[in-house]
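Please find the structures below.
Shared chain: chain A. Partners: chain B in the first complex, chain C in the second.
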Partner chain A sequence: MKYLRLVVANLGRHKLRTILTILSVALALFLFASLRSVTTTLAATAQFGGARRLVTLNATGLVFPLPLAYGNRIKAMPHVTGLSWANWFGGKYGDGKRFFANFAVDAESYLAIYPEIVMPEDQKQAFLKDRTGAIIGRRLLTQFGWKLGQNVTLQGTIFPGDWTFTIDGVYTPTDPAIGDDVLIFHHDYFDERIGRAGIAGWYIAEIDDPSRAPAIAKSIDDMFRNSSSPTKTGTEREFQASFATMWGNVSFLMSTIGLAVVFAILLVTANAMMMSARERTGEIAVLKTVGFSDRLLFALVMVEAGALALTGAVLGLGGAKLLYPAINFNGAGFLPGFTVTTSTVILGVLVAVGLMLASGLVPALRAARLPVVQALRHVE
Partner chain B sequence: MIPIVYNVRSVVQRPVSTALTALGVGLVVAVFIGMLALANGFRAALAKTGSDRNVVVLRKGADSELSSGLGRDVVSIIAASPHVAVGADNRPLVSPEVYVLIPLAKSFDTTQVANVVVRGVSDQVWTVRANVKVTEGQRPASGRAEVCVGSRLVQRFPHTGIGQTLHFGGRDWTVTCHFSAAGSAFESEIWGENEQFMPVFRGEVFQSVTFRLKDPAAFDDAQRALQDDKRMTVDAHRESAFYAQQSQLLGNILSFLAVVITGIMAVGAVFGAINTMYAAIASRAPEIGVLMTLGFRPTSVLVSFLAESAIIAAIGGILGCLFALPLNGIVTSTTNWSSFSEIAFSFRVTPQLLVAGLIFAVVMGVLGGFFPALRAARLQVVQALR
Partner chain C sequence: MALVEIRDVYKSFQRDSQRIDVFTGLTLDIEAGSFTALMGPSGSGKSTLLNLIAGLDKPTRGLVSVGGKHVSEMTSGQLAAWRARNIGFVFQSFNLLPVLTAYQNVELPLLLTKLSGKDRSERVKIALDVVGLADRADHYPRQLSGGQEQRTAIARAIVADPTVMLLDEPTGQLDAKSSQEVLTLLQRLNNEFKKTIVIVTHDAHAAERAKMTLHLEKGDLIEKRSAVAGAAR
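And now, the complex of A and B:
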């Protein structure tokens, strides 16, 4: 440890250069962590829900509703322990610039099937009793400055008119993939206002045995195969995954870009670190003359490179890990539950170690193999 | 002035260091161009979708064709409007359209399903939408279960070849033709006759009505006349503006990402460039001393080193452009969240983008070179010469 002071002194010699090197490593790893988290978050969303819940849609496509009468028939099937239904509403608030999901659900059964939606019992009861009530995710409170008990008016885009709801409850999702920027209101009220059309956008069935999911899904679809609206049933996970794949190649492009970014900055940084090490040829020769062993000099140069890379890693990765929760980032609603995972942090640290090797190995080997006599000729 | 040859030679003298820095800058420029080309391509596809001469009518308040619905009475009111152009056969150039999304499995991975637009059109549509051309085969015949498939779908989805059968909406549809639409979003759609689609999908309702304006300059009059008509509640949009607005959400996200990511990258690259130049100058202090002894002024030294940094960055810029050029024309696809449909579009690397990339590179070089160059200019001759 007695050589630590030497390393610190070397790093402090060109303070500006050291700071800039650390900062560019930090920026590279910050970007790396951010871009990788986009991919992992999308993947995590696709994993949500598990196989315990089945989602039934109209086979013709997402935009076509199913008859409300299907509910009882699905509910009566063996292994189905609970059933709820919902309909996409697609209302806008204010100028509509800030998009948020809003849909009508059969409240009591929906909340029973989704224990991930957590709110105080009194708010839940108030919502269940209030036909024109709504519950919202916590984020909407800050996003629009709404308050509990307030009336909010949405403009329907699919179902025209002004729709006013009372905010009876504010929920916090225990699973981030549920989304905390959603407004949920009563399907019964919705159905009444659209003239008792008797439609449901999708059904959610709770089943007792996840391993039977494919068989149950198939028997639901078989039941409606020859009806006016054939269905397509899958686990909720498949349903969510289909949304994640809708980004198409764009998420693949993001990860490619992430790699290019990291590579570019690390290239430049490694170059700068190698150049500054080359300047010290004379010094290293002097150290060798006073008795520093080759091995020790190798280690000293490597430690210096490692100190730069790892300080940068701590700043960049730590910054990403702390910043996103602090600003409650969710990618404007597109990336619910955005988190920098531990695996991302570990990968980032590995990248930093790789940088240390790439930038330190050449100068360190040069230092260790430096012929003293030749090197000293350059020293006055 | 110190001749620029001096800088060019010293750049060549240190090939590894120059190459590494230039490569770093080049990658930053490549990502910059690539991401903007992506946003560009997406915007262009939707901007080209609409024509200035056409008007799209939707139900009032509907922000996309998907959420709109218009009855037959509305269609006849619009068709009778004096603002609608008439074709050679004296019929109004109107296309009342059915617009639905269907899930379609992709060719390369049939578990991946995309929401594809199916548009039911009138036989006038081929005149109303002048940019749409049938590239192969015959237009669907009226009264038959036939469809025309957009050229961007053909490669990516199975059963889209001419004579093949697509199954959707509970029926079989024979593909009779392929059409192109100048790279616009229409190329990611399936077109058939509106009267055929209506009973299969949403019943007696159209989603939008598109018509050709008799006088392209009279859009405001037409809009006022239609929206003030008491017999219907509709919004009229200029078709070009309507599709441009559909691209806004995702287009903005892509541009925002491009700016943020390349911004952070650029800062990192500039830091790297500063370091490289500092190191270069430190190792060349005696040289600088000689230059000054020869009588070159500090300002010349400053300019010379700035130029050197700019040269390295410009090499990087050119590399970046070369990296990004092959991207041009590559087709990618994503979901347009404004309309919820999948749309294929190509990267568009335009000359303006390449120039912007080069300028970006030189700016990075000058920024990165400034402080090191300043230090070079301030060197004391005696000290430097030692």
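And now, the complex of A and C:
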């Protein structure tokens, strides 16, 4: 502790440089945490959904609907214990700058298949009885300042017109990957408004034995192979993973380019820290003359580098950890459950320790090995 | 037995392909409680001798002993600990740490001891009082005059009560008045506090304050003059 004053005094030698160095480390680690969190959030999304749920789409693509009549045939298949269906709506609220997902579902069966969507029973019942009702994730409530019972109007982008819904319920997902920024409304109302009853965007089938999932999926697809709308069935996890794969290249780009930027910032920072130590060659020689040992000087330089790196880490990683939940960040709806995980923070701390070693080791060794006489001759 | 014993010391440097012999068998003694001035032209080996005594440099051959300890045979780690206890070094250009106050600069050697914060504080105050800078304790080097900086450096050199004080051209960067103040202070330290002082200087007036003057030329001791006894070759 008695040497702390010496370390603090050295850090305060060029206050602006010290502050900028700490901010550089903080920025680099903030970026690191943010970029890694995009990847981990996407990976978590791909893990969402049990293998007990199968998703059946039009084989041509998600935008092509399936006949509603398929539902009864799928439901009648062996090992299928439940069935629901949904349709992407794609409405926007207000100026549409704050995007959120919204889709029509067969409410009763959908809520039965998704026990992760949790809300008070009275709200659930109110929703089931209200044809123009909707339920929303808790984040939407806070984001837009909506209230329970309030009417909200979405402008249809795929299905034009103003669509007004009453908020009957607010759900909290038990699995963050399901998203707490989604608006769900009744498929009946959707059918009625578009005047084209009998279509579904996709089916969700609940099965009794996950190990049979591939065989059941094949049976479903075989059943509709020669129909006007062939299907493509897979587990919900595969369905989510396919979305994550769409992000895959973006994720790769963000990881590589982003980490290259982070690395460049760290190099500049390390250089600044090394320069700072190099400037004090004369002082290190004086301290050796006073009696400071090589080992002690090594430790003091390392502690200085550590103080810079770890202060930056606390600001950068702590900032990322606190900021994103505070602003309810979800990547404009594309990254539901965006979280800076503990593993990301630990990895960030390791990066900071690496930075400390990279920037501190060379000047610390140099200080320890400094030949006093030559250094003093230079100073004198 | 002399406090500092230099026995048959050889010291040579390699500069590019050329070998420069600074000492070729130098032998001399410095007594405890003495005030010795080392004089001689540039390149005569004065500063090198000071560095050898302080253990900052090692002789190529021969023995350097201070207070019975063979400095030339110690390891780097042993030397650092030994220097902290036994050597008070003062430079021509003061070499105070600019980020520390006068108090903190003087305290530096005591950080290496096991003294408590309170004891350190007492000793720093005494050292600053001895050099007449008790009222400048909180000043940074940039807020001090050259003479005050050098007196702070002297306070740093005496605060751990070292066996010997080594001063390399301590008045080299000072005006006449400040030089006299510093030299008077050194005499006082020698007379009142019985400090053993070795000072390297080009200044004959500064050397006159010493009790003993050693003249070096090309690494040889060519003259040893006692202030009391006069010249003795």
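In this section, the second predicted complex is superposed on the first by the 352 of 380 C-alpha atoms of A that agree within 3 Å, B and C clash if a C-alpha of one lies under 4 Å from a C-alpha of the other, contacts with A are read in each partner's own complex, and residues count from 1 in each chain.
What we mean here is this: a contact is a pair of C-beta atoms (placed from the backbone, for glycine too) under 8 Å apart; a residue touches a chain by one contact, two chains touch by 3 or more.
What you are looking at is a predicted structure, and each value in this text was computed from that prediction instead of being measured.
> Quick one: is A:4 in contact with chain B, with chain C, with both, or with neither? Answer first, second, both or neither.
Touch status of A:4: no partner.
> Touch test for A:112: chain B only (first), chain C only (second), both, or neither?
Neither partner.
> Please indicate which partner A:264 is in contact with in the superposed arrangement: first for chain B, second for chain C, both, or neither.
The first partner, chain B, only.
> So, does A:253 touch the first partner chain B, the second partner chain C, both, or neither?
first
> Per the contact definition in the header, classify A:350: touching chain B only (first), chain C only (second), both, or neither.
Touch status of A:350: no partner.
> One more residue to check, A:295. First (chain B), second (chain C), both or neither?
In the superposition, A:295 touches chain C alone.
> Just which bits of chain A does chain B share with chain C as contact spots?
Comparing the two interfaces on chain A, one with chain B and one with chain C, the shared residues are 380.
> Can you list the chain A residues touching chain B in their complex?
These residues of chain A touch chain B: 14, 16-17, 20-21, 23-24, 27-28, 30-31, 35, 60-64, 90, 92, 96, 99, 155-158, 160, 230, 232, 242, 245-250, 253-254, 257, 260-261, 263-265, 267-276, 278-279, 332, 334, 380.
> Can you check the complex and tell me which residues of chain C touch chain A?
Chain C reaches chain A through residues 51, 54, 56-57, 76-77, 80-85, 87, 89, 91-93, 95, 97-100, 104, 108-109, 111-112, 117, 156, 160, 168.
> Write out the stretch or stretches of chain A touching chain C in their complex.
Answer in residue numbers: 2-3, 5-6, 9-10, 12-13, 282-283, 286-296, 372-373, 376, 379-380.
> Help me check something: in the complex, which residues belonging to chain B touch chain A?
Result: residues 17, 20-21, 23-28, 30-31, 34-35, 38, 59-64, 66-67, 100-103, 112-115, 168-170, 201-202, 233, 249, 253, 257, 261, 264-265, 267-269, 271-276, 278-280, 282-283, 332-335, 337, 340, 342, 386 of chain B touch chain A.
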